[in-house]
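What follows is a pair of complexes built around chain A, which joins chain B in one and chain C in the other.
Moving on, here comes the complex of A and B:
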């Protein structure tokens, strides 16, 4: 394990805002200085060293957090470069307004993964809650670039109001996936909940599992060998080689255009 | 220096800097990829009159193309970024976009961007779709056979144009046969193109003309029918001269191609009617790249 390592030895009883926890803010500090860094917990400020064991090297742009709990929120917020590795089950708004770098969580995440994402690569190996890649608080549009991968299941409203970028969910997703989608691509490998693409204006929702019946506000265009699909399959396979077989059906897709109630310029592509 | 009895003149080819890009064209099968590539690179023999020099670089296997279909790599060379952009838009728009099942990708991934799909997307009339995968952006344009997929930009690189050598033979047929051998050998190489028809040019030119409207005119010193009339550069036993012009992405690529081409052209030897190998230059005043034949063949 390279870089700075923070191991949670005193799990917080209350919600902890971890916005400042990234390699860029810690880089170049001594381990003692890192331990004295203040984190916001409710209306209190707590020292990082009171909660975490600090070890490793602060000269790199890599940071590892071990033993993360759902009380830790906004981990990786604003991440612009470097690598942030997390182990455990994370709280709300993981990677909020992240702009670059790589954020890798081994475990599950709460609601709001990648809200307002502007770039970079965010991967959750387990499941995640609602509003993945949606608008950050105060924003009109959702993620604007970058890639989010959820290894297992996702909650409701995946990619709501997403503007650009790519979201891939390996498992099942909740209702209203891609609701009010503005643009970008959402690839869903498992079962999808009702209301898929409700109010979507543009963008693509790609379903690797055949059988879904889009809502009445989507119109059937036909079944096609779209030249873009091999590129998408190759791209997803490069990110997640173990999903190769599940993507095979996307070589030929059925295209539904919609949502007609919102201009109808979006598409749902169904594996044939 | 002699190779198989063929005199290699102690001279050099003079070449000049150009801007270049590579496109990868794919289609449902190799036939249609080649139709697109042939149309794209048509009327692109010389910047003097065509705006750019372009040709097929090589055929690509399915494993070498971004979309896993058969493809063709083409190289385009121009004197400036501005001209290259203009030629790209016109040629891809008229020749690739229109070719059934085709798709167009960047073949050079570093350097300043040149708009490709970024400019052609407007053909989609608002129905075009932008897709970003990693750092690369693509445009999906609805067309009558489905969709035309085109990468947003390609990249420009510094390149070298005008590498060349001359094959001096006793007869036209002998010069042609030697040229064909040279072209076959050179087309196995990467990073170069031979932009003239069949890779060979018979109308080698010199800079300027007695007519003010012409920037270039026939290289009269190498025209065998003018021997006795002008200060001919040709020995008495030379009845035909053919030139092979080489554009390359690097000087090293041109050197390698020149070497392969000359060795192949000399295969018939002096007995096969090949008298000498020379090269076109302008006394070193035209371009900074000098390809000295003896050094290349050493």
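Moving on, here comes the complex of A and C:
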């Protein structure tokens, strides 16, 4: 393991705002200085060293957090470069307004993964909650660039009001996936909940598992061998080789256009 | 005498109410307020040496949007305003957040940190009065009060259109003040908010509201006459027509003329002082307006100074907020009607110093301050948060007191705006005595607050001790001590005590027969009954939550 390593030895009893925890803010500091860094816990300010064991090297742009718990919120918020590795089950708003770099979580995440994402690569090996890639608090549109990968299941409203970028969910997703989608691509490999693409204006929702019946406000446009599908399959396979077989059905897709109730021209592409 | 007696000695007092201009005097404070020197020096429990310091009464903000439906809507519309400005416990006694639309606790603490001890919410609808008082009740430390909105509500317009006896209209005004637990009456875009609902997109002073056939001039006159007859301490608080429209200085001058010599307060007048000259058809009308107001002793004004940065505009003027929504930054808006009484518009806005219009707005506000000859008729406001958050007051005070600093800032704004303004030629610098008038004595006098805004015996004991510094911004940002009702609440700019401030209300007499008219109207048109809207004294005072200070004006013949 390279870079700075923070191991949670004193799990917080209530919410800890980890906005400042990324390699860029810690780089070049001594380990003692890192330990004195202040974090907001609930309504109080606490020292990082009271909660984490600090070890490793602060000269690199890599940071590892071990023993993450669901009380840790906003981990990786504003991440612009470098690598942030997490191990454990993380709290709300992982990678909030992240702009670049790589954020890799081995475990599950709470609601709001990648809200307002502007760039970079965010991967959750397990499942994640609602509002993945949606608008950050106060924003009108959701993620604007970058890639989010959820290894297993995801909650409701994946990619709500997403503006640009790519979301891939390996497992099942909850209701209202791609709701009010503005643009961008969402690839869903498992079962999907009701209300897929409700109010979507543009963008693509790709379903690798056949059998889904889009809502009545989507119009069947035919079955196609789209030139961009092999490119998408190659891109996803490059990111997650183990999903290659599950993407095979996407070589030929049925296209549904909508959501007509919002005057939308987006598409739901179903594996044939 | 009740409680601990505190002595403040060696400081220079600025108390314009009593004509004290920087004299070194000793003040004695107790829980009863400012008291005469005790016969026995042994009675003094605490003595503070404040030599070299400046003593003033607690500041009074006569116009600041800190409670009620629109503030909460702004908070909901701008979660990022709270998200990006958290205040941890320890910085303040309790945690809070927000910059342009802060949480209630943060509002109280920040005002106290600057030495302000009374704030008045200028736009409370009867339909929202309970919400407004709940929020004001949750605002710590400061005394507060609210002005109830009238002049766009259907019942008032019906009474006026039916040419009802002015006495009946006066009774309705008094009933509303009583029901809403209000301190004064404000009119926003007279008749215009109502006209907006009938698809009118502008309403000049002599233009008829199509639904009622009434002009703003008639509405203003009826309200001003009613208030004058009721004997309310604060005159009609006017947010005029055509806010923010280039050339609206003509409307404002016509508004002043429409009052026919009756007392009135024109609020955030900077937004009503625009000409339409020059290449860009936007110019300063400050000189003409200031000249007119200097000649008319019946008119007072607060400025509504614009300061650069992110804020949010909150107003009942849905007609003008609708027009302004095209300039929202970030792009999101709330516009709504509230129980047919008035409207509401929330438009986030970022004032930029390199924008010609914004920079000229900044200069126009300062021109108005510097051209107004009588400091007793001009009050220091930014129309929080419409021009800027109230936390910019210390910076504004420095701009008024320090000409070289002002010129330095003038040189940094949009050059075309700087060239279009006469600000650079104005040499006036406000003195500490002037600032004490603008921020203490004059608002207290205008609102009829006999126990606030001065340092005489009998005052409530709101005293601020500033360390005299050449940098007036630093001086007014961080007082050395602030006392509220004789209790030390701020030391070195840090809040250490959180008493609950009083709520000031005015209760003029009225004929109870007006309740039949109101009940009939509510039964026919409204979704609730008047008693559902009425805020009782117990709701404000109950279980020690607050305290009412009631003013009972005498009706003139």
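Things to note:
Here, the second predicted complex is superposed on the first by the 272 of 272 C-alpha atoms of A that agree within 3 Å, B and C clash if a C-alpha of one lies under 4 Å from a C-alpha of the other, contacts with A are read in each partner's own complex, and residues count from 1 in each chain.
Simple rule for what comes next: contacts are C-beta pairs under 8 Å (C-beta built on N, C-alpha and C of every residue); 3 or more make two chains touch, one makes a residue touch a chain.
Here the structure is a predicted model, which is why all the values come from computation and not from measurement.
In the superposition on chain A, no contact is made by A:53 with either chain B or chain C. By the document's definition of touching, neither partner reaches A:172: not chain B, not chain C. In the superposed model, A:15 lies in contact with neither chain B nor chain C. In the overlay built on the shared chain, the residue A:231 is in contact with chain B alone; chain C does not reach it. Which of chain B and chain C touches more residues of chain A is settled by the count: it is B. Comparing which residues of chain A touch chain B with which touch chain C, the overlap is empty. If you check the complex, the residues on chain A that touch chain B are 145, 147, 164-166, 183-185, 202, 204, 224-228, 230-232, 234-235, 265, 267.
Those residues of chain B lying in contact with chain A across their complex are 26, 66-69, 101, 103, 127, 129-134, 138, 140, 146-149. Looking at the complex, you find that chain C touches chain A at residues 77-81, 83, 86, 88-90, 94-95, 330-332.
Of all residues in chain A, those touching chain C in their complex are 40, 43-45, 136-140.
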